[in-house]
Each structure stands twice: as structure tokens, then as C-alpha cells.
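After this come two complexes, each holding subunit A, first together with subunit B and then together with subunit C.
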Partner chain A sequence: MLRRVREFSGFALPGLFLYGVLVLVPIVWTVVLGFTDRNRFAAETNWVGLQQFQRLLEDDQFWLVLKNTFVVTAIVVVVPNVVGLALALLLNRETRLYRLLRAVFFTPVILSGIVVSVIWQSVLRPDGVLNAVLVDAGVTDAPRWLSDPGIALFSISGILCWQLLGFCVVVYLAGLNAVPQELYEAAIVDGAGWWRRFGSITWPMIASSVTINTVMLLISGFKVYEHILVLTNGGPGRNTTASIAFDVIEKGVRGDRIGFAAAEATIMLGIIVLLSAVVLRLLQRREVNL
Partner chain B sequence: MAPRWRGAVAAATLLTVALAGCTSGGKSDSSSAGGPVELTMLTFETPNLPASLWDSAIARVSQKVPGVTIKKLVTPNVDRTTYAKQLASSGQLPDIMMAVNPQGFAEGGQLADFSQDELKDFASPESGAINGKIYQLPTNAQPQSLLYYNKADFAKAGITAAPKTWTDFLAVCAKLKAAGITPIAVGGGGQDTFASMYTWVGTVGTDVYLTDPKFSQEIADGSKTFADPQFVKAADKVAQLAKLGYLDKQGTSRSYADHEKAFRAGSAAMYPMGSWFASSADNDKPKFDVGVFAWPSDDGKAVVPNLTGGGLSVSAKAENVDLAKKFALEWTKDKETSDAFTKADGTFNTIAGYQPPADMGPLFKETLALYNQAVKDGTVTPALSIEQGDNGLPADLTVPIQQIAVELLNGKSDAQAVVSKLDKEYAGLK
Partner chain C sequence: MRSRLEVLRPIAAIALAAVFFFPIYIVVMGMLKPADKIQSSPLGLPLQPTGENLGAVLGRSDGLFWSALLNSVQITVLSVVLLTLLSAMLAHYLVRSHALWTKPAMLVLLAGLMIPPAVILQPVTQVLGAAGLMNSVVGVVASNVAYYLPFGVFVFSGFVGTVPVEIEEAASIDGASRFRLFWQVVFPIMRPAAASVMIFLGVWVWNDFLTPLIILGPEAGTTVTVGVYRSVGEYSTNFGTLYAFSFLASLPVLLFFVALQKQFVAGLTAGSVK
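Then we have the complex of A and B:
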């Protein structure tokens, strides 16, 4: 076996090389830049140690975008997970109609964030479809979904939930289909009701699906960018909907403060890695292998 | 033992991928000895400035500059400055760039400056200077905020003349509101946060730059802060407009394109906007007659916040800098090109002796007359967050200012809170 691994390991080298060049090297380089005062147009770049990190931690706007990011992530992790599981339970039947419904729910997942945002921008406009329905229903002061700073962040979170819901449904359907039917038959024979069967059989058996969905939603929520760019550009007002990824792009790509943005990106990476590791560890303990 | 050829194949594959992924970076040398020089030119296409306009202008000007071939590049969106930065990061800064903010590029030594002799035909050769040098031809004067208004709405509210003072302006707003008409349209939704600025640009023009045109330089050298009483007063004027319900609050949800559509559909009586709207309204007339007046100061001066610049810049690393500058200058002096851009975008070309086409629309002529009068009266001012160079604010402050402007428009922040935020943002850039 080991000999065969050695024989074919050479063929993995190109892929590893590409991964290294396109993923690992930029990550390491970004971390290094975070310890410098790199500015796009400055002639010199100097090593400044932890100064950029210190400036970030002292910056109110950094804590604001971090808070925004956590709010969006929390909503995006919970809502599509819960609703996705409920929909998967409902759609877990093999008829043409249910197969069609699965395709309908999955469609937003394959659309780009930009396309989804443009669609929802037209829906959430002051004179858009949603407010037109509300006005017809008798609402006199329709909400300003994207320009009210108290609502805009939740509007963006809702759109992200809508887009990611289909992914959760598909993963949960795969998990549900992997549960042996004999377990349900035995439980029915023993007189277990629906809720008891869900709690004792379904929930433990789909633990791996919960893990996959939770981690993917965590990462998707944390790196939200294009929805914010199109829908609110970080506003309304100063960074009321900006995420940490958005702020990194603002400062390091549209702006010129590359070292500062790199430090922020490094913090973002660290948080995602830590959270993913903790969540994986906690959730994988629940996974059942028959 | 594994056949040696497998290792060789793996190594060869690796090498091939590595070589395929490597590029030389920067631009390739396009000219052979004695042949034409290929220069890249960064352009941007909009409904007003379509590809055909650029192509014909390039062809026409190229005939006046022997030895040059222009390769046109087009920005993927209207944010051409960010696109130019991305290109510069990979060593591909275009040789010639249209209306790209030169701040940063100039200080980093990436742009060639124009000499006084090269600028002798420009009416404002000092406009947009960075450390005293000109890196972007000061081709166009373009008022950045004037008050275009719906004449029918004014008539309905019983308003017979444009307001002369700020007090008159508030009275006009009150009459419009009493007649059930939203007085002022505002924008700034979606990606188009810049559209939130035009009201604030107006009040800062009247209350700050009119008497202190060097205010931005004083911010830069630390002799003033945004807490300066005149700046606070200008911000407070916008806050008061929001508090009195004179602003269309729904406007901050609208993209720039929807903002104009909404005004054309009658969302509000007044539309603070730059002179490019004059061309738009002349080319596609709204269902109502449109008039225009300048921002009224407290003592009755008609103020025009303006940007003179917007021309071509030349890369200091162009294959032939002199030829690139010659092309840029010929482009600016070419009457047919200037006429095309004037018709499309409502700019006022500042080359000495230039006259806009006689068949320009009535609103453009009215706007130009306002601007010329303001030049005579000395009431043309810089435009907050839009002015570039030595007399402008740092480019990194532009987005924060625009976002904070939305807080003023929404009534979420008062003047003191806003200036405090601005001072904090500015301190964070140092």
C-alpha cells in the first residue's frame, strides 16, 4: 500500500503546487504584510510589528464591522439550518413534484451573490414588490429595507439565508436518505411517535449533515461581501452593514492601506479558523457511525 | 521499485504547470525599432459615453499623433480609479488614463507631470495640483452640485422666483411641503453612496469654501479640524433640512440611476446634482420643464461647487512618455472630441477659446451661464470630498464622508456627531 502511495504521490505534486501558490502563499504573504506599514504608493515598506493590530483594536469602526459580521453569521448559521431541516423533512419523498421542489429550492444556491443581490435590490426598493404588497395590505409607512440602519443588516442577513437555504436542504436530504429505514420500522413497532423517532433516530443520525451545514454556513456568513457591496455599500451611514471582509476590501483594494487591511484579514482568518475548529470539535462528538 | 519514468512524468507536469503559471508581468514591448508605439488607454463606457464615441475619438486623435497606436482598455464598472490601482499592482498601469483620480499615483511617482508650457492653453492650469505639479490635465470644469428644479412643482406651490438667500431657500421648501410636494430629492443607495453628497456639497460650498477656499489644506496641515464652526454650520443646514422633513427619505435607498428616474417621475421638486444632468435632461426631456439655480448663501451669493480636472493622465513608465503626453494634449484640444464629451456629459471644456456646440440644449446653456456668472462673481468653490490634489481631502476619506452624509440625510446624526466622526476618521488615516 505504502509503495503504491509513493508511486502515485508524484502525480499529486502539480495540484499541491497550485494549492500552495494560489492559497497558502497568499495567506502567508497577507499575514506578513499585516506586520508592515505597506501602502500601495509608498516607496518603502517598513516592519512595524504589532502596530497595525494595535491600531485595529483601538479603532471603533473595526469593532463595529466585527459586530456586524457576528450578527450576520449568527443569523445565517441558525435560520437556514433550522428551516432547511424542516424543509428537508417535508421534501423527503420520491415523487416528481418533490423532486421539482428540491430543484426550486436549490436554484438560489447556484446563483452568484451579485445576481441575488441585484434581484433583491429591486424587490426591496421603496417602490419595489414587497412594499407594494405591504401598501396594498394597508401598511401606511412601509419599511425602508435597505436604507434604515436599524433594519438593513437584517435585510442582508435574510437575503443570505434565502440563498443558502437550498444548500442546507440538499445536505439534510442526503443525510436523511442515509438513515436505515429498519430503525424507523423498529421504532414504529415499539410504539414510538413522530417526535420520539425524530429525537432518537433522525437527529443523531444526521449529525454529520448538521456539522457540514453549520461549518459551511459559518464560513459563508463570516466572509459575506458582495451582498453588502451591491445592496448597501456598507451603509446606510458609517459602516452600519459593513462586514470585516467588506472593510478589508475597502481599505486594501479600493483604498491604499495594504498593511492595515492585511492585519484585519489576518484577524478574520484567525477567527474563522478558531470558530470552525471549535464548532467541528463540538459537533463531531455527536456523529454516529453504525 | 517504481519505474523511473513515472517520477519524470510527474516532474515534467510540475514544471509545465509552473511555467504556464508564470507571466512576465507588466506590459510587453510592443514596438520594434522605428515602428509605431502601442500605448494603452483606459476609458470608461456609460450610456452617455458609449464605445462608439471613444472609438471615433481615438481614431481621430491618433491621426494627429503619428507614430502611436492606441489599445483601448475599458473599466469593468464606473470605479475606474480602483481598477487602475488593481492594474498598477500587477505592473500594468495603462499609459494614458481618462478621469482617474491621480492622488496616490502621483505621490508614488507613477504619473508624469505636465509642464507649464504644456498647460499654457488651459484656463485653470493650477487645478488639481499635487505638491504643486499637474498630473491630470485640467480639461473640464464641471459643477458638482446645482439645484435643478421642477418648474411645474414650483408653480403649483406658488413660487415665482428661485431663492436668493438661505432663508429664502427654507421658505421655498416650506411652501413646497405645504403644497404636498417633497422639496428635495436625495440619493445614496446601493453601491452609489456618492450620490448622498450633493446637498452637503452645496452647503459646504456656501458656508465654508466660499470664504475659506483653502479649508481642505488647513485640515491637512492641522490648523483646522472639521469641528470648525463654519463646517459645523454647513453640516447643521443639512441636518435641519432632514429634521424639517424637506428631504425625500426614500431616496437613500435608491441607486444613482433610480435616483434620477425618481426625480423624472416627480418624486421631489428639487434635484441637487452636477451639470451632467443638464445634458441628460436636454437629451431626454422629462415630462416637466426643468430650471436650475445655484446654492444660495446666507447673504445672497450664488455659489457653484465645482471640479476642474477630469482629463487625461500619463503613466511615468509609458513606453514613450512624450508621445503619450502629446496624445493626451491633442485629445484635449480636439474640438470634435470635446464637443462629443460636452454633449454627452455636460462638461465645460477649459481650453482657451473653446466654445461649446451651438446646438446644445437649453438646460445646458442655462447651467453654463450660471457657471460663467459664478466665475465672474468669484463664487466658484471646491466641492467637498470631490476636489482632488493639494486642495482636496485624502482619497481614503471619501467613502467615510459619503457614508456619514447618509446619516445626515436620514436624520440619524446631528452636525456635532458628524464632525466628530469625521475628525476621528481623519485621525485614523495618519
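Then we have the complex of A and C:
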């Protein structure tokens, strides 16, 4: 018995303790705070029941940041997945050239979101490189990529796609490498064309790569924060590019409306749990069916 | 037909990679140009490269870059070492133990993979504040270890299964304690998993922005990533210096990537082809 206690406290306790105190307790704490009117500058905190949630659901700004988050997440889940697979098929050769090009596409993956935002700001600001090129090409009123409310959210989504693309390429390349070559040889003997081979062999065989990429992109898109902070600070205007994570942090962590932000964070938590469960279930069913 | 497509492959691949790399090219070249050239010829090569932007960052009178670098190195090294040790031991314990609570515990841990930092950050500052760890490197390390523990456990637990139970049983019959057994027999077998955990967490922790911004706060200095953010406002008219700061902040990770490229890819793909 003593030995088992000693093993538990040596192997499992340190990690479980930190995880409990700095992840599990804060999750519960956030949910509880969402039922209060806690404010950094108010002396007392009162239990207000569902009032914060009610205010949120009646707040147009909440629905706006929620919509923005879903737009970014949808673009980020689809584009790097599709383009990443196409690029993986293009780069699926084992020579030095292709290894170098893979490294090129992977580089933004290892840069921080802040640095990626600085890089793209140099390209997209009104007098930046892209507009200089457009003006030289004869475009008279070049788009304001980060300050036009109709464009800015798509610019941010595009930048996230650029950063995450290399991850998808590498995961798909590994998936493609694991497909037995005999399958292709047999299919060619049977007279199957490129599309037929892709649809009947490649696509089903890389199912687990699709799962990994989709889940990673979903989580990355849903929690987008740094890019918005540097590139638009939520603007132009009010919240036109703010995400739900951005709103929670600005209001609750850097701002003073702790209770209100906690209710918003609780909704965020509910959505991510629901989304992950649905997506994992759907994608794994496809893997099992093989 | 087929061979004509094969001729196009390298051309298409190089062209796409060039377009993709273009923004990075602008920043690296801009860093080597004097301020007026960044604006007047952003696309051109720096014909007379200057080190003044890099020099301006490295030689700041407040020493911001160097103090930020020291913070980043301390936070990254401590976090990664602790995470590797704790998650390897926890994963081994949870997979091998027959107790009833370990399966649910594993599920609760893996659920943590999906929690966005924004959801828990406010209470985390309260917990760290109560423990007297706000505005300290130790506070950032503690919060990193807790937050990234699920990832480490996830990777190691996939690997524990590949260690033959017979080896562990044989060693324990010989009277080895579980600690000795783990460090001398099991952990060496899990070295590839340890490599990918360390590579990933190293990059993530180094690039992390929100946690050091809030927990370290301005009182205890910054990390290099937060330093880049602070420079965005400061150098809003001097892009060359901002580019130089961004480059220097990313340089350690880039060198790490160039040196360990094979392991990077192996680590990334270890889980994806299973």
C-alpha cells in the first residue's frame, strides 16, 4: 500500500496537481463567474443568475463576434485542407528540390502569430508592398486590405490560412507516403485514370491525415486572437474583425467586465466541446468504414 | 502527356513556393535596408546592405532585446524540461495502472487539448496571484506546464503501448523500483516520443504570446514574442527596426528548425499515419 502511494505521488501527482489547479479549477471558476456581476473595480460581487447570459444573447455585438469567429473558422478549416492536399500531391517527390520547397511552406508554421502579423502588415498596409504593386499595374483605387470593413476579416482569415498551410502539407505528405504503392500499380493495370485512383485509393487511405488536419485547423481558427490584435485591433469600426476569443480577453482579462466575459467564455467553451465532439465523431466514422 | 506534366511539376512547385515565400522575403530584405529604401523600393534586393536596423535592436539603451531573450530562454527551457518529465511519468502511470480512475482521468486530460487559453486565463491569474506567482517567470512556467501537459501525455501515452510489458515485468522481478525501472528501461525506449514532445513544446512556448503578456506583465519584463508586439507600437514609423526585432525573435526557432528538420517532420507525422 505504502509503495502504491509513493508511486502515485511520484509519477502522477505533480502533473495532475498542476493540471487540476491551473486548468480544471479555472474552467469551473470561469463557469461560476459567468453567473456573477464581478467587475475588477467593484468592491463586491453578486450572484446574478442567468442575467449575463441573457444580456449576451440580446447583444448585437456578441452575435457579430460569434459570426466573425465562424467565418474565420470555416475559411481556415476548408482552404488549408484543400490547398494543402493539392500541394502535397505536387510536392510528393523525394529529391532535394522538393525537400527544400516543403521547408519553405513549413516555415510560417514555426513563427509566432505576432511575427506573422508583422510580416503581413508590411504587405497589406495601405502604402504596403501589395498596393504598390497594384498601383504600378494601373489599379487606381487599391483595396484597403486591413481597414475596409468588407475585406479586413477575409484578410485575417487568409493570413491564418497562409500560416497553417505548411502543417497540412506535411501531414498529408506523410499520409500519402503510407499508401502502399502496389495499390496504384494494380489500379493502373486495371486501367484506372488519375481521378479514379485518387477517389478510390488515395482519398480513403489518407483519412486519418484529414482528421488530424481538420481538428487542428478547427481549434486554431476558433481561438484566433493575436493576428486580430496586431493587424486590426478588432476594427475597423466596432468589432468588425473581433473574434470571440478577442472579445473575452479584451473585456475580461485586459478589461474589467470579468463576469460578463466569463459568461461569454462559458459559451465559447460549450461551442468548442460541441464542435470537437461532432467533428471527431463524423471523421472517425469515415476512418472506421474503410 | 504524362511526361509533359512531369516537366511542369518542378516549375509549378517553384513558382508557388516563390509566391508563398514573398512576404518573408520582403521583411528579411527590409531589415537590411535603410529606412528610405524600404518605402521607395520594397521589392528590390538591398544593394548596399546595412546592419543598422539589427544594431539598433541589439544596442537599445534599455537592453529590452537582451532581457527579453533571457526571459524567453528561461521560460522555454524550464517549461519544456518539466513538461517532458512530468508528462512522460504521468502517461506511463495512467496507461500501466489498473486502477479504475485512470481511464476517466485520461479522458479529462485529453479534453484539455481543446481548451482555448482565453477561456481560463482570468482565473489562472487569480490562482497564480494567490500563490504569489504573478509577474514572475515561475508563474509563466507553471501555467505552461499545466496547459501543455495534455499534449505531452497524449504523445507519450501512444508510445507507452510500444514498450513491451515483459521488459518491465522482468526488471521489476529483479527488484528494481518503479522509478529506476522507468528512468533506466522505459524512458530510453520512449526517446523518439520525447524528441517530438520537446520540439513541439519548444516552438509553442517560445512563440506563446498571451500567457507571458498577461502573467509576466510589464513589471517582470517581456519575452521576445511580447517584445515584438510592444515594438509594433513603438516603431510604427520605423519598419526596418521592427523587421529586425521580428527576425531576431524568430531566429532561435528557425535555427532549431534547420538543425532538426527531419525530427520536426517525424514528430509531426508520428501520430498522423497511425
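Here is the rule we go by: the second predicted complex is superposed on the first by the 277 of 290 C-alpha atoms of A that agree within 3 Å, B and C clash if a C-alpha of one lies under 4 Å from a C-alpha of the other, contacts with A are read in each partner's own complex, and residues count from 1 in each chain.
Here is the rule we go by: contacts are C-beta pairs under 8 Å (C-beta built on N, C-alpha and C of every residue); 3 or more make two chains touch, one makes a residue touch a chain.
Predicted, not measured: the structure shown is a model, and the values here were computed from it.
Note on subunit A: of its two partners subunit C and subunit B, the one contacting more of its residues is C. When the two complexes are overlaid on their common chain A, residue A:Ser147 makes contact with subunit B while staying clear of subunit C.
By the document's definition of touching, neither partner reaches A:Val82: not subunit B, not subunit C.
Once the two complexes are overlaid on the shared chain, A:Leu57 sits clear of subunit B and of subunit C alike. Contacts of A:Leu111 after superposition: subunit C is touched, whereas subunit B is not reached.
By the touch criterion stated above, A:Val278 is placed in contact with neither subunit B nor subunit C. With both structures placed on the common chain, the touch criterion links A:Arg238 to subunit B but leaves subunit C unconnected. When the two structures are aligned on the shared chain, A:Ala186 is found in touch with neither subunit B nor subunit C.
In the superposition on chain A, A:Phe11 contacts both subunit B and subunit C. Of the two partner chains, both subunit B and subunit C are touched by A:Val21. In the three-chain superposition model, subunit A touches both subunit B and subunit C at residues 7, 10-11, 14, 18, 21, 121, 127, 229-230, 253-254.
Looking at the complex, you find that subunit C touches subunit A at residues 9-10, 12-14, 16-17, 20-24, 26-27, 30, 39, 42-43, 86-87, 89-90, 92-94, 105, 108-109, 111-112, 114-128, 142-143, 145-147, 149-150, 153, 178-179, 182, 203, 206-210, 214, 225-226, 228-229, 232, 239, 242-243, 246, 249-250, 253-254, 257, 261, 264-265, 268-269, 271-274. Against subunit A, in their complex, subunit B makes its touches with residues 2, 6-7, 9-11, 13-14, 17-18, 21, 79, 82, 85-86, 88-89, 104-105, 107-110, 188-193, 249-250, 252-255, 258, 395-396, 399-400, 403-404, 406-407, 410, 412-413, 421, 424-425, 428. Residues of subunit A that touch subunit B in their complex: 3, 6-7, 10-11, 13-14, 17-18, 21, 40-43, 55, 59-61, 121, 124-127, 144-149, 229-239, 250-251, 253-257.
Taken together, the subunit A residues at the contact with subunit C in this complex read 7-8, 10-12, 14-16, 18-19, 21-27, 29-30, 33, 87, 90-91, 93, 97-98, 101, 103-108, 110-115, 118-123, 127-129, 132-133, 162, 165, 167, 170-171, 173-175, 177-178, 208-209, 212, 219, 222-223, 225-226, 229-230, 244-245, 248-249, 252-254, 258, 261-262, 265-266, 268-269, 272-273, 276.
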